[in-house]
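First chain A sits with chain B, and in the next complex the same chain sits with chain C.
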Partner chain A sequence: MSKVGIYINEGSLIVPIQTDLRNDALEQLQKDILKTVRETRLRGVIIDLSGVSLLDTYQAKKIFAIGKMTGLMGTVTVFTGLSAGIVVSLTDLDFDSSEVLTSINLEEGSKLLKSMKGTTARTDEGS
Partner chain B sequence: MAESEMRTVVPVNMLWDKILMLPIFGTIDSARGQEIMESMLKKIIATKSKVIILDILGVPIVDSAVANHLIKITKATQLIGSEAIISGISAEIAQTMVSLGIELGNVTTTADLADAVQLAFDKTGYVIKKAT
Partner chain C sequence: MPEGKNRATRIDIEQESSIYKASEAARKIASKLGFDNIKQCKIATAVSELATNIHRYAGSGFILIRIIDIGSRQGVEIIAEDIGPGIADLKSALMDNFSTSAGSLGIGLPGTQRMMDEFEIESKTGKGTLVKIREWL
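Entry: the complex of A and B
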């Protein structure tokens, strides 16, 4: 298991990242999230990055890729709490964020997921 | 340079609950673009805003450099979890942008600030009603 806690709240998976992630930790986190998504029937995943102060393009690519992966599994991932500094540096580096779903904070992210309920619900009955 | 003296202020206004408005005047160079982006993002986080209206009526020319800065600003807004609407696209600017082949991507643009405000209200779930 990664050091990052994974919580299930109101049908969403909440992943608060409170430290700067090392690459191997990211790898483990990705595995843990996907495994949990597979095992549980979840409406969505919220990855809260408010505790992250630095995110290089490699890490950004890695972490946003988790969103794409859960998307393939029929679960929406929202990234919340990106700091202004991270956004400025990623934009300066011409980071392609067109497929990334974001919200300002955890609360807004949770609201966004709720508003998407139904349109994104998983249709398969198997677990 | 008079322009550099003006460069200290980025007037990000709170227009309504979760709606910000930022009028941009003069040309946008790299330094100014950076400044606008940083102040804007900080304000978005502080106010948890859903929509920010960038009014570029005061920008005389939109060439590819200026457009690039605008695209960057809107991308940053999207990345932080908000949405940008660009208002104040005059007929001249629309013509130059198209003839220069400038693509703003999927950014919503309007001619008047009024239309942008209307759109922003739609996006945040407010309805404007005449009290009669």
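Entry: the complex of A and C
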């Protein structure tokens, strides 16, 4: 299991990242999330980054890749709570965030996922 | 040479966890000096980039952080140094999307250059790499 405590709330997988994640921890987290997405009917995934103090290029690439991966499985991932410092740094670094879906906080992220139901998010909920 | 009151903080980069130690040390010093949260984060991110490069390409090295003042101007200076393999093609290494590491973006060095007020790099194949960055208050 990864160092990050992940849980399901209202059909969404919530991933609150609080620590500085690197190589092994990041890969373990990727695996855990993908496994849960595959095994559970989810509305979507919310990766909350409000507890993260910085994202360097390496970490940003690994963390935002999770969004791409769950997307390939048909499940949307929203990233929430990025600090002003992180977004300024990512912009200076010229990190390509064009495919990254974000919300200001967990609550808004959850609203966004609900509003997306039936579009890009899984549509098989009622079947 | 740094003056007594501006003694440098040194963090050895020996393992992966040293990267975070170095970036947090830089953030703390930047915060004490009076940089706002955004600048603190940029400085910490720059240190994380340089320390990650040391860990990944040189195996080990160190980060030196010190407060600098020239007259009325204050700032923070960070030196990242290693005696690793050095960078063969420095010009390319400073361009976006150049990387010798599979799956990496190759934006760490050029991005750090954009993030900081001042950026200098010296590297010799077989001798090592030294990066000096500065941010002024």
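Going forward, the second predicted complex is superposed on the first by the 121 of 127 C-alpha atoms of A that agree within 3 Å, B and C clash if a C-alpha of one lies under 4 Å from a C-alpha of the other, contacts with A are read in each partner's own complex, and residues count from 1 in each chain.
What we mean here is this: a contact is a pair of C-beta atoms (placed from the backbone, for glycine too) under 8 Å apart; a residue touches a chain by one contact, two chains touch by 3 or more.
This is a predicted model, so every value here is computed, not measured.
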item: Partners on chain A (chain B, chain C) - clash or fit; value: fit
item: Contacts of A:Asp20 with chain B and chain C, given as first, second, both or neither; value: second
item: Contacts of A:Val76 with chain B and chain C, given as first, second, both or neither; value: neither
item: Which superposed partner A:Ala84 touches (first chain B, second chain C, both, neither); value: both
item: Superposed model, angle subtended at chain A by chain C and chain B (C-alpha, nearest 10 degrees); value: 70
item: Chain B versus chain C as contact partner of A:Ile104, first or second or both or neither; value: first
item: Touching partner for A:Lys61 - first (chain B), second (chain C), both, neither; value: second
item: Minimum distance between Cα atoms of chain B and chain C in the superposition (Å); value: 6
item: Common ground on chain A, meaning residues reached by chain C in one complex and by chain B in the other; value: 83-84, 88, 92, 95
item: Residues of chain A touching chain C in the complex; value: 20, 22-23, 53-58, 61, 83-86, 88-89, 92-95
item: Interfacial residue positions of chain C with respect to chain A in the complex; value: 16, 19-20, 23-24, 27, 37-42, 44-45, 48-49, 52, 96, 103-105, 107-108, 110-112, 114-115
item: Chain B-facing residues of chain A, complex; value: 79-80, 82-84, 87-88, 90-92, 95, 97, 100, 102-105, 108-109
item: Contacting residues of chain B [partner chain A, same complex]; value: 34, 37-38, 41-42, 44-45, 48-50, 72, 75-76, 78-82
